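Next come two complexes built around subunit A: one with subunit B, the other with subunit C.
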Partner chain A sequence: MTSISLFEILVKIIGAIVIAFLGVVIGLFYKGIDRKLAARMQARVGPPIRQPFMDFFKLMIKENIVPQNAVPWIFNGAPIMALVSSITILLYLPVGNISPLLSGYGDIVLIIYLLTLPAIGMVVGGFASGSPYASVGAQREMVMMMSYELPLVTVVVAFGWKLSQVYPHLNIFSLTVINAHPIWELVGPLGFIGAILLFITLAAVTPGELSKVPFDAPEAETELAGGILVEYSGRNLALFGLADAVKIIVMTSLTVALFFPYNISHLLALSGAFALIVDTLFFLVKIFLVMFVEVTFIRVAVARLKIDQVSFAYWVPVSIIGFLGLMLIVLDTIIV
Partner chain B sequence: MKLNKYFERSLWVFHLNTGSCNGCDIEIVAGLTPRYDLERFGIKLVGSPKHADVLLVTGPVTSKMLDRVKRVYEQTPDPKAVIVVGACGTSGGVFYNSYNISGSVDKVIPVDVYVPGCPPRPEAIINGVLQAWIKLENLRESMKTAQAK
Partner chain C sequence: MNKKTYSIPIGPVHPSLKEPMTFNFEIYGERIEKVNLAPGDNHRGIEFMGRQRNPIQIIYLAERICGICSAAHPFAFCQAVENAAGIEVPERAQYIRVIIAELERIHSHILWAGVAAHELGFDSVLYLSWRAREEVLDLLEYLTGNRINYGIFMIGGVRRDISEEQLPRIRETLEYYKDIYGKIEDIFLNDPTIAFRTKNVGVLTKEDALHLCAVGPTTRASGIKKDVRQDQPYSAYADLNVEAITPDVFSGEVNGDVYDRIIVRLLELVQSIQIIEQCLDNMPSGEIIAEKKLVKLLNQLKKAKGEGVGRVEAPRGECIHYVKLNESELPEVWKARAPTYNNLMTWVPMLIDQQIADIPIVIASIDPCIACMDRVTILNKNNGQKSMLTKKDLHELSVQKTRRITP
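The block that comes next holds the complex of A and B.
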């Protein structure tokens, strides 16, 4: 091993720590904005924006109860697994014009795999709780995972196929490549409609991935008393809260990277550090807008679906919309 | 067990009905409506006692609920506070000395704050939760002095 690669490894480790810290802080901050906006939409005053931070610090000092019939090492390990896997995805996502930290080491297919890990962490934790409520919640989470995977993969396949037709020599699944070639510029009018349908598909998958209303059946507080999280308290619950906050950033960043990879620094004729700062701020604005549409607005506007309705919604209407988008993009390429 | 300053700004409340007539429960739910909006103080109604900092108990303890009340209290992680809402939970109310009632809530679990009324107004319940803040604040102060000594 040469000294250069050692230096690179050091940079990657420090970068990973910085990204993990920023991801958690920004995630909690955005969660606070989300709660505030939801409250304002319901004509309430709402909690202060730093409320998720206070919740986190409070939960850290609470007693950590492990139920008698739980499996302790799985029960305590699941929240860490959920948090670590969601932070890992952050390392593969581009921010503004900064390419991802681990850009050469994984692509969007890996992200699809990694996206299932936080959910699996919750499922394992739910089953290890030894509580009937948590078991039912974990089963629902598994049903949801099986349901939203197909539409999610359809979106990714559509992007990969289109890019492979236009740029056959590029690594089509790499997020850097997808980021450099926005889908809207590659397609004709028919494909443009297809891309809008794909965006709708991803926007429908996002609340399911994040377990937000209307797809929060696994954590349904009114029927399952917190579902998967029912037995969790103290530090473990705080870690799950962090994982949830990071997952919001992950899903919105993914949407931004796929559909809105535009930067504004070249419009303002900036360069160097200024361009970096402006693009990063613009990126934060973009993920805020995506979060507002995909999470906050939907969460306030609709009620919770039953688990069979969730499954149906993902397998039939959302999948059909996704396939329609894929077909329109294919037709667009074949006809032209 | 230690307390930090974030604790009072983020009280999660678990609502336990030990045989109430639903009058107090409706008033608690009214506290979450846009008119009173408990969430602006960081107060959240949670579905599981494991998540809770404050137990909001309504109603006299019926014989059937006696064991459950104790278990829910034990399942709530420390540090915690207990608030009794309504005349029945405070003293037994109209069910005082009834054959199927084990008595008021404070006969079963330690109670920190009483909110009397039949039912109490949402303002009174919010005030009760604020009193629980003060209790936790005092707990924090006493721990500080204990540590200093």
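The block that comes next holds the complex of A and C.
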């Protein structure tokens, strides 16, 4: 990172704008699909797929109410912080064969830090609302954040450790490197089971990260009437909606990058622009499938857990599964 | 240690409440320290309206006390008037009344199951169970002409007969529920997340249930075999074998928690199906109403003098109507007591020491019907403000009234 030319900076800026735009549009589109599929599984007709877009535009023209006992600058700043930090993560994620826009400027450890930012934005916004419901919701969000961090980090550490054993000279936490060396090819049978356990861990963390049932205690509609978001309306709520949509893409892309980085262009013997398009489309299919399993299917199949049960679930069973996965990968390497 | 609590108001409008009612909670962390109930947001002055109408008109008003117990209230009211005026109900009408009341119980319990699932954040079960409820609503429409307010009860009998051709349709519905019952039971009693949220939550001990005079599934889930159909059988229940259901039938133990209330309601579904089948098999032929001509019936009621009580086991518990006729067109007194009125205070021991997350399901677990229960609101005429009366005030008012009527 010596000197960067003006042209490169310009490319990065334009790229960032394009990625932010695409991330938001695809995120809202996937949210629509998620709602439609959930509705079909619940024997409902469900909203049209463009519903999240309509919600967004409607909210943008609605009045933006700031409660009397809220702290206005924090209250208004929180949704922007949530949206911006989720979009920033997108810039660090590889799409198919395309390496991330900001590769070389940050790795997966940075992503883990960035992932806490939207949640912190919501917590700050909740506390700034000055409503008891939002305060309870914000407390729960904090507890949840502390709970799912450990299993999430376990997954990342397992990846880094394995890569550091096989390729000691590479930058092991770089997503480009992880993306180029699928975990399944590095490990033996024991490690394979370990990798499956790690995938389960990440699949359990995703609904918590996205505040979806069964881990939606911070927003719990029937208990807290929306919790953190209870006082938000108009533009601020629309921004939180966008942040949520982008976070779905972020979490599913992360799963894809860690566990399913395969592409199909070489199987079809394509190259150049075609390969790029086919791989990108294949990537979209992959994140759709991951979203279906990790978000849509789980949220229609279970009831909401209480916050102490959420904490317990993450600290004990999910963490144990994560550690078991890590240990199996270590064992696999040591034995071989 | 100095505990710092904060207060959270739930209601009068809140997503977990289906009707307006206010709860004030004192919370420490996530634990509930203190509960204050403040009903009175849904008072409609129904009893006052009833005193401006003749008894036949009141039937339709009674039907609208509650949108779900729309058979239990007119059933109890008709019984009260028949009791006061000394009218005998033909046997066939008694059977038809029981069939309608039991169909209502099926629909009410499935509705409750859906609401409970929604309160737990399990929306899929809400949609699926409410789809299952459609079948019994269709049947009720087929039999009475209406899905909700059936309009079939009449003083001295019922307004519509169940003909031979209609029987296969009823049996079809009963078979449908027998088929899907296994699925419903599997979802509610074997799902791990539902068990997480309902076991040992909102416990009502047997002592508390007796002490607070709880009724219906709420008290039966605490192990008290209390059921009007068993204790003082009315109408055709005298011919049928109804036994109060307690959760130990299914699980072998009584905890008095929300899970037990689910068990009781699900088992009552099966019981209702059996009762309807017995009714269909044993239904006698004959008249369906004591007096067909309504003008004649009204004249008879105008001349009647006396008081009557009607007791019905509604889906939520015992429902009592009291009527006093005094040789005039309008009844002198009409008093309706819905089961939620008794169950209201059971919320307090259930909610204390639970978490905020338990509030919706514990509130829903007694299947509250606020509109049925709200009978009195005390307003200051000058400034329009609501006020509350304590036990002492009420006692004083009673003493004053006793002095007034017995000089």
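Structure notes:
Methods note: the second predicted complex is superposed on the first by the 332 of 336 C-alpha atoms of A that agree within 3 Å, B and C clash if a C-alpha of one lies under 4 Å from a C-alpha of the other, contacts with A are read in each partner's own complex, and residues count from 1 in each chain.
By our rule, a contact is a pair of C-beta atoms (placed from the backbone, for glycine too) under 8 Å apart; a residue touches a chain by one contact, two chains touch by 3 or more.
These numbers were taken from a predicted model, which means no experiment stands behind them.
Once the two complexes are overlaid on the shared chain, A:229 sits against subunit B while remaining clear of subunit C. Contacts of A:57 after superposition on the shared chain: subunit B is touched, whereas subunit C is not. Of the two partner chains placed by the overlay, neither subunit B nor subunit C lies in contact with A:284. In the superposition on chain A, A:324 makes contact with neither subunit B nor subunit C. Look at A:142: by the touch rule set out above, it reaches neither subunit B nor subunit C.
By the touch criterion defined above, A:301 lies against subunit C but remains apart from subunit B after alignment on the C-alpha atoms of chain A. In the superposition on chain A, contact of A:74 is made with neither subunit B nor subunit C.
Of the two partner chains, subunit B is the only one that A:45 touches; subunit C does not reach it.
When the shared chain is aligned, subunit B and subunit C each come close enough to touch A:221. In the superposition on chain A, subunit A positions 42-44, 133, 221-222, 224-225 are in contact with subunit B in one complex as well as with subunit C in the other. Subunit C meets subunit A in the complex at residues 6-9, 14-16, 27, 30, 117-124, 127-128, 131, 191, 193-194, 196-197, 355-360.
On subunit A, the positions that touch subunit C within their shared complex are 41-44, 132-133, 135-136, 139, 213-214, 216-217, 220-225, 300-309. The touching residues of subunit B, when paired with subunit A in their complex, are 1-4, 6-7, 9-10, 12, 34, 37, 39-42, 46-48, 50-51, 53, 75, 77-79. Interface residues of subunit A, counted against subunit B in their complex, comprise 35, 39, 42-48, 51, 53-55, 57-58, 61-65, 133, 221-222, 224-226, 229-234, 237.
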